[in-house]
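Next up, some structures in C-alpha cells.
Consider the two complexes below, in which subunit A is the common component and subunit B and subunit C are the respective partners.
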Partner chain A sequence: MLFKVFPVVELIRLFQILAANRIVGPVKKGEDQHGRSLYDFGVVHDFSDLRLDYTQTIHSAKNYFLPYREDLCSFTVQDGDWHKEVDYGAYAPLVLFGLHSCDINALNKLDKVLLGGRYPNPFYGEKRANMFIVGHSCNPQPYCFCKSMGTDSALRGFDLFLTRMDDLYFAEILSSRAFHLLEQIDCREPDSSEHRRYLDEMEAKESQFVAHVDTSDLTKILDLEFQAPVWKEWGEKCLSCGTCAQVCPTCYCYGVEEHVDMVFTHARKEKQLYSCNLLDFAVVAGGHNFRPESHTRLKYRYYHKHRGFVEAFEESLCVGCGRCGQSCLAHITVPEVIASVRASK
Partner chain B sequence: MKTELDFIQPVAGEQFEYSYKAEITNVYPLTRMEKLYQIQLVDPVEREQFIFKPGQFVMLELPGIGDAPFSISSSPVRHGDLELCIRAAGNMTRFLDRVGRGTRVGISGPFGTHFPVEKMEGEDILLIAGGLGIAPLRSPILAVLEKRSRYGQVDIMYGARRPSELLFGYEYAMWRQFDVGLNIIVDREEPGWQGPVGLITELLKQRIADSVPDRFREHTSVIVCGPPVMFRFVCELLISAGVPVEKIFVSLERRMHCGRGKCCRCNIGSTYTCLDGPVFDYWSVLNLKEAI
Partner chain C sequence: MTTNKTFLGVPVARPKVGFFELSSCEGCQLQLLNNEATLLDFLSLVEIVRFREGMKEAGDEYEIAFIEGSITRADEEERLKNIRAKAKLVVALGSCACFGGVNQLKNRFNDLEWVKKEVYSSFPIDTQEVKPLSAVIKVDLEIYGCPIKKEEVERIVTALVLGEEIHHPQYPVCMECKARENICLFDLGEPCLGPVTRAGCDAWCPSNRLGCWGCRGPAPEANLARLQIIMAERGISPERMMDRLECFGGFADFVAEVKGKKEDGR
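Entry: the complex of A and B
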C-alpha cells in the first residue's frame, strides 16, 4: 500500500476532479428532536453539501448498489410467445465519497456472497466493478461496535482512504486510479513524524469505543442456546417490521414480483429487498410458514449474521455499524441481544 | 481538469437471468388439485444438453405472473423433456392450472443437489413419500427402475390423505412390473378403498419387521420426501432400526426466489436449500437448526 499526505484544503480539488462522475456521499437530511443532525447518503452536486464530519448515516449506501427495487428482466409478449430482456442497470461509474470502514467492510462481505459461488450476481457485480470508493476516518459513536466485529479498519475494498489529521489528510492508496488522481492535486510522501501521527490517530480512535460485543466462541454459544428462553423475550419485543434489514449495510435478501401491463404485451420481473423478520419471509405455497413466530424470525436473523455466515466465510456478516439498533422502534440492539444470549449459559 | 472514470464493461454472470424457452406440450390432471405438466425445451440442442439428476429442481417462469421452484418428476434420461407435478396452491400455480398445451414458459436450472442413486447401486432401496412428496421421488423411482438389476430389493412406501389424492396411480402397475414392493396407505378411507388405513410409519414398521436386521442396517439406502412432520417420525424410526444417518436422504422444501443462492429466502442458517439442497443427507439435517 502506498501512502500520501495532502493539506485538507486540497480535498475540494479532489472532489471537483471526481465530480465529472456521479458522487454519492454523506449529506445532512435534517435534525432529530434533540437538535442533532441526521445524515444519509445522497447524490452530492456541491462540495459544501458533503458532510465528512458525519456521525453515521441512517441508511447504509446499499441503495446505490443493491437498490430497494430493481427490475431483473422485462418481457415482450406477442402472439403467444415472449421475449426476455435483461438489463443489469449499471450505466455509469459511481463515486462513493466518504464511506466509513464499516461500510467498506460491508461491501467486502457482500462481495463474498453475491460475487462468489456458482452464480455471481451480475446486477450487483456490474455496479460494483464500476465504483470508485473514497473512504474516510470516523469518530466512534456510542452505539458503534465495529471494533468487536473486526471491521473498525478497512484493509481492502477501497481506492483511497483518507484519515483526517488536523490540517492534513493521510491517504492510503489501493488502486492505480486513485494514484493518478492524487497526482493531480498538491500531495507528497508522508515523513516519519506523519506516520507517527497517523498511528496516534488510530490509537485515539480505538480508545473511544463504548459498545462492545463478545464474539469469542459465539458460533458455538448460538448453537448451544438455540432453545434459550431469552429468544422468546426478544421476540415479544420485536415488531417484525423489517427496519433493521432496511438500514443494514449487509442485508441482501429479496423477494420477486412480476407485473404485467393492462393489455398483456409487456411484463417485468421486479426484485425488492426483503427482511427475514417479516411475517411471510418463509411462507411456501399452500400456506405453511417455516418461521411463524416473531422470535423464530429474529433468532434466524442473528443465526445468519453471526453463525451461518461465519461457517461459510469465516467471518461474521455483521459489521457493527449499530444502525439496526439505532433505528429499531423496539430498541433491540445487537450488543444487548448477544450479551443476553451469552448470559443464558 | 475533471476525470471521468473508465466504464468497465460487463462482468461475469451472463447466465444469471437466463431461462430456456420451453413449451407445455401436455397437461394431465392427476387429482382435483394436481396436474402433471409435460414441458419441453423448445431448442432441440438445449433440450439435449439439459442434463439433470434425480432430485434436482427447476425454476419455472410464467412471464408477468411468477417464477417458482419445482422438483423434476421425470426420468433423467429424458433430458430437457421434463415432467413437473404441480399442485394449484399459490398465485402462479393457480394461473398455470388454467393454461393449456402450447403455452410458452421459461425454465432455468437444473439447480441443487440430487439423490445419489449411482452410489446406491448394490443396495436395497427404500423410497418413502408422503402426499405431494411423491413428486420429487418419481424421478429417482424411474432412475432406479431403469437400472433395476443394479439394485437389491426396492420398496416404495407412499402415504396420502385420501385415496382420491394418490398421484401417478396409472403408473403403479408399471412400477410393480419391475419387481418393486409398492405399499400405499391413506389417512382416511373412501368408498372402494381396499388398502390399509393409517400413517406411513406403520408401513415402515412392517418393512423393518420383515427385514433381515443386518441387511437392513448395512445395505439399505433411504430416500424420503413429505411434509415436515413426516420427516421426523420416519427418520427417527429408520435411525432406531440402525440405518446410518448418512444413508438417509431427504428433499426439503423452502420458499425460493432465485434458485442461485442469492435471494436468501431458502436459507437454513447459512445453508442454502437451493445450492446445498434440496436433497440433504440426514447427517446434514441433524446439523441444521430448524431444518425439519
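Entry: the complex of A and C
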C-alpha cells in the first residue's frame, strides 16, 4: 500500500476531478425532532453538499449496487413469438465518495457471496466492476460495534482511503487509478511524524467504541442455544416489518415476481430485496410456511449473519454498522440479542 | 377496441365488468379514471358495462363487480345482494367496501340516533350502523386503500384476466417506506401506523411526510401490542393512536379488544 498526504483544502479538487462521473456520498437528509442531523447516501452534485463529517447514514449505500427493486429480465411478445431482454442496469461509472470502513467491508462480503460463488450475479457484478471507492475515516458512534466484527478498518475493497488528521488527509492508495488521481492534486509523501499522527488517530478511534459483541465461539453458542427461550422474548418484540434488512448493508435475500402489462405485449421478472423477518419469507410451493412464528424468523436472521455465513466464509456477514438497531422501533439490537443468547441459561 | 386478445398464443377473454358504489365518495373509481396514461390499456383488458363516473350506459350483464363504499342503508343491502347474485366475482374496492372506511367512524358512538340528529337534524334520512360488504355478502377479493392505488388495481385486474393467483403484500408499510429511503416518521415525532399496516401503497403517505393512518388495514402479522409500547415510549397518547386505528375500520378487532379491556377495568 502507498501512502500520501495532502491538505484538506485540496479535497475539493479531488472531488471536482471525479465529478465527471456520478458521485454518490453522504448528504444531510434532514433533522430529527430533537434537531439532530440525519444522513443518507445520495447523488452529490455540489461539493458543499458532501457531508464527510456524517455520523452514520440511515440506509446503507446498497441501493446503488443492489437496488431494492430491479428487473431481472423483460419479455416482448409479438406476432406469436417472444423476445427476452436482460439489462444489468450498469451504464456509467459510479464513484462512492466517503464510505466508512464498515460499508467497504460490507461490499467485500457481498463480493464473496454474490461474485465468488459458482453462479456470479451479473447485475451486481456489472455495477461493482465500474466503481471507484473513496473511503473516509469515521468517529465511532455509541451504537457502532464494527470493532467486534473486525470491520473497523478496511484492508481492501477501496481505491483510496482518506483519514482526516486536522488540516491534512492521510491517503491510503490501493489502485493505480487512485495513484494517478492524486497526481493531479497537491499531495506529497508523508514524513515519519505524519506516520505517527496517523497511528495516533487510529488509536484514538479504538478507544471510542462503546458497543461490543463477544463473537468468541459464537457459531457454537448459537447452535447450543437454538431452543433458548430468549429468542421468543425477542420475537414478541419484533414487528416483522423488514426494516432491519432494508437498512442493512449486507442483506441480499430477495424474492422474484412476474408482471405482465395490461396489453399482454410486455412482461418482466422483478427482483425485490426481501427480509427473512417477513411473514411469508419461508413459504414454499404448496403453501407451507416453515417459519410462521416471528421468533423463528428473527432467529434465522441471526443464524445467517453470525453462524451460517461464518461457516461458509470464515467471517460474519454483519459489519457492526448498527443501522438495524438504530432503525428498529422495537429496540432489537445485535449487541443485546447476542449478549442475551450468550447469557441464556 | 381490441377484441380477441391473446397471451402467448392463448386466447384471453375480456370480462364484462361493472363498477358500483354504495355509501362512498367514489374517489376510488376516480382514481382509475385519473390514470389517463394507462386508461386505454385498462379498457382493453376489460369490457366496462357500467361505470357511473365515466359513462352514461348502465348495463346489467357483468361477470366481475367492483363495489366501492360501505353499507349505511337497508336498501343498499338489497342492492348488494342483487349484484352478488349476478356477478361471478365480487371485488370490494377500497377501504369503505373492505372495512367500512371513514363512514364507520360513526359506529364509535353508542347512540346512532343522536349521531343522525347531530348531522342531519330533522331531515328525514335512512341511515344505520355502517357495515363492510363482507358483513352482508361473500366477497371474493379485497382491494385495499383510501383511495386505492391505481397501479395495484391494474396489476390485480391483469392477474384476474389472466387467471393468475392474486397476491397482496404480506409485510407492513415499513418495508416499502425503507425502500424509498424515507426518514422514519417516529424520528420526526409523528405517530405512524406503518409498522402494522398492510403494504402495497408504496408508502404513499409516509413518503409525503404524513404518518400512516392504516387505511389498508392490518398486515397479516401486525404486532399491535408492540405498537402500543412504541407510541407510549414517544409520548404519543393512546387516544391519538386509537384515533388512527379507528379511522378506516381495518383494525376493528383490535380496537374492540382494547375498548373491551377498558370497560372491564371500569
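The rule is simple: the second predicted complex is superposed on the first by the 342 of 345 C-alpha atoms of A that agree within 3 Å, B and C clash if a C-alpha of one lies under 4 Å from a C-alpha of the other, contacts with A are read in each partner's own complex, and residues count from 1 in each chain.
By our rule, a contact is a pair of C-beta atoms (placed from the backbone, for glycine too) under 8 Å apart; a residue touches a chain by one contact, two chains touch by 3 or more.
Bear in mind the structure is a predicted one, so any value in this text is a computation, not a measurement.
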Between subunit C and subunit B, which one touches more residues of subunit A when both complexes sit on the common chain A? B
Now for A:His304: first (subunit B), second (subunit C), both, or neither, which partner does it touch? first
Quick check on the superposed pair: does A:Ser327 touch subunit B, subunit C, both, or neither? Answer first, second, both or neither. second
Going by the contact rule set out at the top, does A:Leu18 touch subunit B (first), subunit C (second), both, or neither? first
Go through the superposed model and pick first if A:Pro122 touches only subunit B, second if only subunit C, both, or neither. first
Looking at the overlay, does A:Gly80 come into contact with subunit B only (first), subunit C only (second), both, or neither? both
Touch test for A:Met1: subunit B only (first), subunit C only (second), both, or neither? neither
Please indicate which partner A:Ser275 is in contact with in the superposed arrangement: first for subunit B, second for subunit C, both, or neither. second
Which parts of subunit A are touched by subunit B and by subunit C alike? 77, 80, 82, 259-260, 264
What residues on subunit A touch subunit B, complex-wise? 16-21, 72-73, 75, 77, 80-82, 84, 86, 88, 92-93, 95, 113-114, 117-123, 125-126, 128-130, 132, 177, 180-181, 184, 223, 226, 252-256, 258-260, 264, 267-269, 271, 274, 276, 281-288, 290-291, 296, 300, 303-304, 307-309, 311-312
Parts of subunit C lying in touch with subunit A, wherever the complex brings them together: 2, 5-9, 12, 38, 41-42, 44-45, 154-155, 157-158, 162, 167, 170-172, 174-175, 178-179, 181, 183-184, 186-189, 194-196, 219-221, 223, 225-227, 229-230
Subunit B residues within the subunit A interface of the complex: 1-8, 10-19, 61-68, 87, 89-90, 93, 102-104, 106, 228, 253-255, 257-258, 260-265, 267, 269-271, 275, 289-290
Please give the residue numbers of subunit A that touch subunit C in the complex, ascending. 29-30, 32-33, 38, 40, 58-59, 63, 68-69, 77, 80, 82, 236-243, 246-247, 257, 259-264, 273, 275, 278-280, 294, 327, 329-330
